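Here come two complexes built around subunit A, the first alongside subunit B, the second alongside subunit C.
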Partner chain A sequence: MTVTMEKPKSGMSDGVYEREELLNGCQAVAQGVCLADVDVIAAYPIRPYTEVMDALSKLIADGAFDAEYIIADSEHSQFEIVKHASSVNARAFGGSSGTGWMYGMEALTVTATDRLPPMFVVGNRALDDPGAFGVEHNDAMAVRDLGWLLCWVTTPQEALEHVLIGYRVAEDKNVRMPMALAIDGAFLTHSQHIVKIPSVAAAKKFLPQYDLAERRLHPDNPISVAPQANEDWVMEIRRQNWEAAKRARGVIKEAYKEFNAIFGERYAQPYFDEYMTDDAETVLIGVGTVAAPGRTAVKRLREKGHKVGYVNLRWFRPFPTEELRACLSRFKSVGVVDRDFAHGSPDNCGILMHEIRSCLYPAKNRPAIVNFIGGLGGRDLSIADAQKMFDITAQAAKKDSMDGYITWIGLRE
Partner chain B sequence: MTTTPKIDYEKIKGVHKVPLEELYTSGHRTCQGCESATTMRGFIKASGPRTIVTGATGCMYVANTSYLTTPWIVPWMHTQLGAGGASAVGMAAGVRALQRKGKIKQEKINIINFSGDLGAGDMGIGGISGALQSDYDLLIIMYDNESAANTDIQATGLSIYGAQTTFTPPGSKHRIMQRRWKKNVAGMLAVGHPTCKYVATACATFPPTDYLNKTRKALSIGGPTFIHTYDPCPKGWDYHPRYSNELGELGIKCGIYPLYEIVEGNVIYTWDARKSGKGRIPVKEFLQRQGRFEHLIQEDIDYIQKGVDEMWEEWEIPGVAPLKGILKARI
Partner chain C sequence: MAEQKINRVSLTEKDYEGAPSTMCRGCGHDAISASVMRAFYDSSVDPRKVIKLSGIGCSSKTPAYFLSQSFGFNAVHGRMSAVATGANVANHTLIPIGVSGDGDTAAIGLGNFCHMMRRNVNITYIVENNGVYGLTKGQFSATADKGSVMKGGKINEMPALDLAELAIVLGATYVARSFSGDRKQLAPLIEGALAHKGSAILDVISPCVTFNNHEGSTKSLKYVKEHLDPIHDVDFIPSYENIEADYKPGTDHMVTMHDGSRILLHKLHEDYDPTNRMQAMQMIHASVAEGKFLTGLIYYDPNRPDFAAELGLGDTPLAELGQDILQPPPEALERINADLMK
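Let's look at the complex of A and B:
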């Protein structure tokens, strides 16, 4: 399956899209929030996600959009405000980056265990120390085991669309999990593209009104939420979370089907997309904007006759286990690009590598697999870097040893 | 800005006029003599059924709301230890947005957060400050039993000087491990938030109905409001459970617990411990009734007495703000 994801195919004239604007990733997310008719926004500044909140406050100031806009005193308060707004059946939105995301970690934990479905944008940023504004994925990855939906996008257009898709999945009565929409710092938060903005009617058609139903807090529905349960019930409650995360896969699939039906065939595959993989022997897989140099390298290597392809993993939670296993077992060798680290973990690999390796363990045809750690702290991953990674990955198929199993790309040594 | 309708509350004149309706009932497992349970039962009696409550982690979360045996008749939700302020802001903002957009019916819904001294006075004070800067109708009640009572009585920023807790045990080398003076939370919040229209201190049982009426006043005046309650704790303070009410009264009468309300910047003493007012009883009468002060010697009691005297005799606003006056300007 080969698709390019750059521009929506649907025309402006059919009423689905309203206008085009030059927007960066942050501004595109803000447009998505506007179209989702969000009720409560809580803001706290940290680079690089902040511009989402800047854009939203201006939209409210100009009357383009109506929501409560709260300037919180910390990320912890910001996330708690979002959580509690969500509990009274208000559609709520927050976000953060890097250490800000970590500062509010307690609130992020309970938002998931309370099974509330607000959305947070994570403008991925390296964790301190030392200070760095650039992208790294360890921030968003910190919620991967807590019961969150976690998804990376690669363009402003996708970012806008995934605000709508994300809310739809998160708020589905079979899911009700918080949604983290990850956008790479700088490479997506602050890179501008032409974005087609859906019409209000089309957005409304796709995204139904938020309804927490029997779980909303209101004097007419006097329930007690999250009392002390201890060993009597915690295990059963965890199991319910687990079931919801399992069900989310089906809900995601349905959401893309419906999205494609309304907005034109935007997404050929829901969980990940493949570029020039039909006859490929060697592929790279990564999350986020590394897809751009990855796909360009594919194009250039194909011109020289190399059978290479790129797999862009969009949904990290829930992890598309079956689908990705089937996809990756078709290839001879797979290179996993991690823009993160998991110090001291098995074979010292990155987080994505561990997940993919674990996913492939039961596969009948296991490809050779190698790991790349690169682009840390916002360092560029170039087309040349990607070509080098393809080269190392292709070699891996011919090796029996673990030599070259993990390579730090672009590291000064 | 939309104006939400108000609930008209009558002043409760005498204990016989306290509403009979219970909105906090059986199902909790608080200790015998728990004053905080009375504080809880009181605020919800005073505010009535059109209320949403958030309860921060603390003894009154863990002891109060066990899964499948909730004591709450009104909607209630747990919030994190330091999230009392944020929980109230989130809910108030949600309710306001939904009402403005016509997604739910327009009516006054009270939003009340109940946090302990560790949650509200230490960890969550930034969030409460944020809440008191907002323009939402919300009430934060800090129930102060002067310890982390759920985790086995550890000292907090609001523990009294000299008190024995599991973090501050008297020892053979150091008689006093609790060397911090009690944090002045209500005064600090009142002074720091010029647009907050109502801050009060209270005790659930003394003077009778005072606390219930302060709750109603806070909700009637509207905007973000704050009440600090003094809650004697038999377990943490080491006294017989039958004396909870009496200890609250003694704490107020000896001046350790200033009782007042601040309405749009005006201080009204609801128990006047100034010399010009009703005066004070010696702090010893309060301290000697509790095991947590058993290790104190006369010198320690004199030190506490001196600090309390200073609060009432030297502070520019006695018992409220620890500023002692204005020196000659240097220009």
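Let's look at the complex of A and C:
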């Protein structure tokens, strides 16, 4: 299935979209937060996330948006404010990057185990040390085993739309999990695109009001949140978290169906996009903005007759196991691009590689899989790099010995 | 060629320099770095015995710009105080200087900062206080004054946290406030802090020329200059100098430091004694109420032992103790066990 993800198809005339603006990823997220009519925002600066809080502050100061806006004293406090606001039935929003995200980890952990559905944007940034402001995915990946929804987008348009989609999924009564929306530092947070901004009416039609119902913390609804359960109930609670994540797969599907019905056929598939894969033999798969050089390389290689395609994985948690297995089983070889690294892991490769290998293990037609570690700390992954990755991946289809082969792209040695 | 000026440990001013600064032109932090270099040179401190500590923020970049021969540790956001405490326990013979900012100290690192002072860890701790997060382009910090206006027009609604007051309350034993542009006052205050054994906190107002230097800001260069409220003129007299001639009984106040050096305070306010804790607190409150920056040596406690003394760490630092001392022989354990069986 082939789909291009460049621009929304609906015009402005039908009232679904209100206007166009030149926005970077951070500003687009802020517009999404505004359209989601978020009640409480807690903020604490760290690059590259900072511009999200600045853009929100400006929207409020300009009178374009009304929300409680709290500058916290650290990320940890920021995330706690967001979590508690969410528990009293306020739609809540926070965000961070890199080490800031990690500093608030205690709060992030309990937000998931308390099954609260606020949204956090993660402006992906390399973890210290050594210090770097550029993108790397290990920060957001840190919540992958904690009961979070985790999703990457590739353009400011998608970033705005996934604030709405993310709340729709997270707040669903069958889900109630926190949502991490990951946007690549610099390449998405600070690159500008023309963004079509939905009308308030369309956003409202898509995103129902937040209602925590029987779990709302309120004097009229006396309940205990986060009691000490010890060995009596922890296993059951963990299992409930997992059941919610399983249900989230279905809710994600529903959410995109509803989104497409209102905003035009924006997303052909909910969990991932495929680009020129119909007759492809070799594909690359990655998350985030590596899709841009990936898709461009596909276009160029297609002109030369190579049967190549690109798969952009959007939802990492819950992982779309069945769908992705069916998709990748169609190809002879798959190159997994990781902008992260799983230190000391079984295959000494990236996190995405591990997950995809595991996903494909039971596949009847298992393609050859190779891994690329690249773009760490914000280093550029160019179109030429993508072409090189396609070349290595294509070779893997012919040589059994290359299965599991790992290449560090652009490494000075 | 003229002979190069050297200090008492035969080092030149150049020996106290660091890498070229990357701060914005006119940043107050650069002026503070200059005062730091001046104080270390004048105090004849050997830079190779110094450890420079910092956290995250514009301020925390500045230790790269002075004392290039010293040890250095750039901690993660807000953790400088904890690292300083650890460094002090491991080797209390190192001379620690920490540079942090109001974001690093008064927000994310406040907990660690409080406990460092509670323990009276020996350190010269400079807060380069500009009321904003400069490195992330100017968000209000916890020391932004209520009513101060952000560059974009937003008015701060939260009251400021006063670091000097906090330091006195929490057990710091040398508390001063100064202005980055007043080297005449700041350099001797840093020298005094270096001579002091314990937590010496210097809250230095250092205007951010890029993000907090506009009309309506209470930390702008113009506003700060117009609202300085010095308690006294400050002179630092090293232990080897005779100062009898300069002392004016009745108007001057003398503070004797642990190493025998002295700080001579030429009083501008009547009857101010920096060892009077209550008076120090009252002075800060009165000054804040008038929208002024009280500067000078606000509080000094010569009697409280520092953390290393409290722990009885002895002369040889833990980092230099040999295995034979750190690991007692089997006989020692046998002796303890025998004692327990009695």
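Note that the second predicted complex is superposed on the first by the 410 of 413 C-alpha atoms of A that agree within 3 Å, B and C clash if a C-alpha of one lies under 4 Å from a C-alpha of the other, contacts with A are read in each partner's own complex, and residues count from 1 in each chain.
We adopt the following convention: contacts are C-beta pairs under 8 Å (C-beta built on N, C-alpha and C of every residue); 3 or more make two chains touch, one makes a residue touch a chain.
Note that the coordinates shown come from a computational prediction; the quantities given were computed from them, not determined experimentally.
Participant: So in the superposed three-chain picture, is A:226 touching just subunit B, just subunit C, both, or none of them (first/second/both/neither)?
Facilitator: First partner only, subunit B.
Participant: Thinking of the overlay built on chain A, is A:174 touched by subunit B (first), by subunit C (second), by both, or by neither?
Facilitator: neither
Participant: Using the touch definition from the top, say if A:192 reaches subunit B (first), subunit C (second), both or neither.
Facilitator: Once the two structures are laid over each other on A, A:192 reaches no partner at all.
Participant: Could you look at A:74 and tell me whether it touches subunit B, subunit C, both or neither (first, second, both, neither)?
Facilitator: both
Participant: Please work out whether A:103 is in contact with subunit B alone, subunit C alone, both, or neither, and reply first, second, both or neither.
Facilitator: Second partner only, subunit C.
Participant: Tell me which touches more residues of subunit A here: subunit C or subunit B.
Facilitator: B
Participant: With the two structures laid over each other on chain A, which partner does A:88 touch: subunit B (first), subunit C (second), both, or neither?
Facilitator: first
Participant: Determine where on subunit A the residues touched by subunit B overlap those touched by subunit C, and list them.
Facilitator: Overlap of subunit B and subunit C footprints on subunit A: residues 73-74.
Participant: Can you list the subunit B residues touching subunit A in their complex?
Facilitator: Subunit B residues touching subunit A: 49-52, 54, 61-62, 65-68, 70, 72-80, 82-83, 85-91, 93-98, 100-101, 103-104, 109, 126-127, 129-130, 134.
Participant: Any idea which subunit C residues touch subunit A in the complex?
Facilitator: My answer: residues 76-78, 107-108, 110, 133, 135-137, 139-140, 142, 152-154.
Participant: Can you name the residues of subunit A that touch subunit C in the complex?
Facilitator: Touching subunit C from subunit A are residues 43-47, 50, 53-54, 57-58, 61, 71, 73-75, 99-100, 103, 128.
Participant: State the interface residues of subunit A toward subunit B in the complex, per the touch definition above.
Facilitator: Answer in residue numbers: 37, 39-40, 42, 66-68, 70, 72-74, 76-78, 80-90, 92, 106-107, 110, 209, 217-219, 221-230, 232-233.
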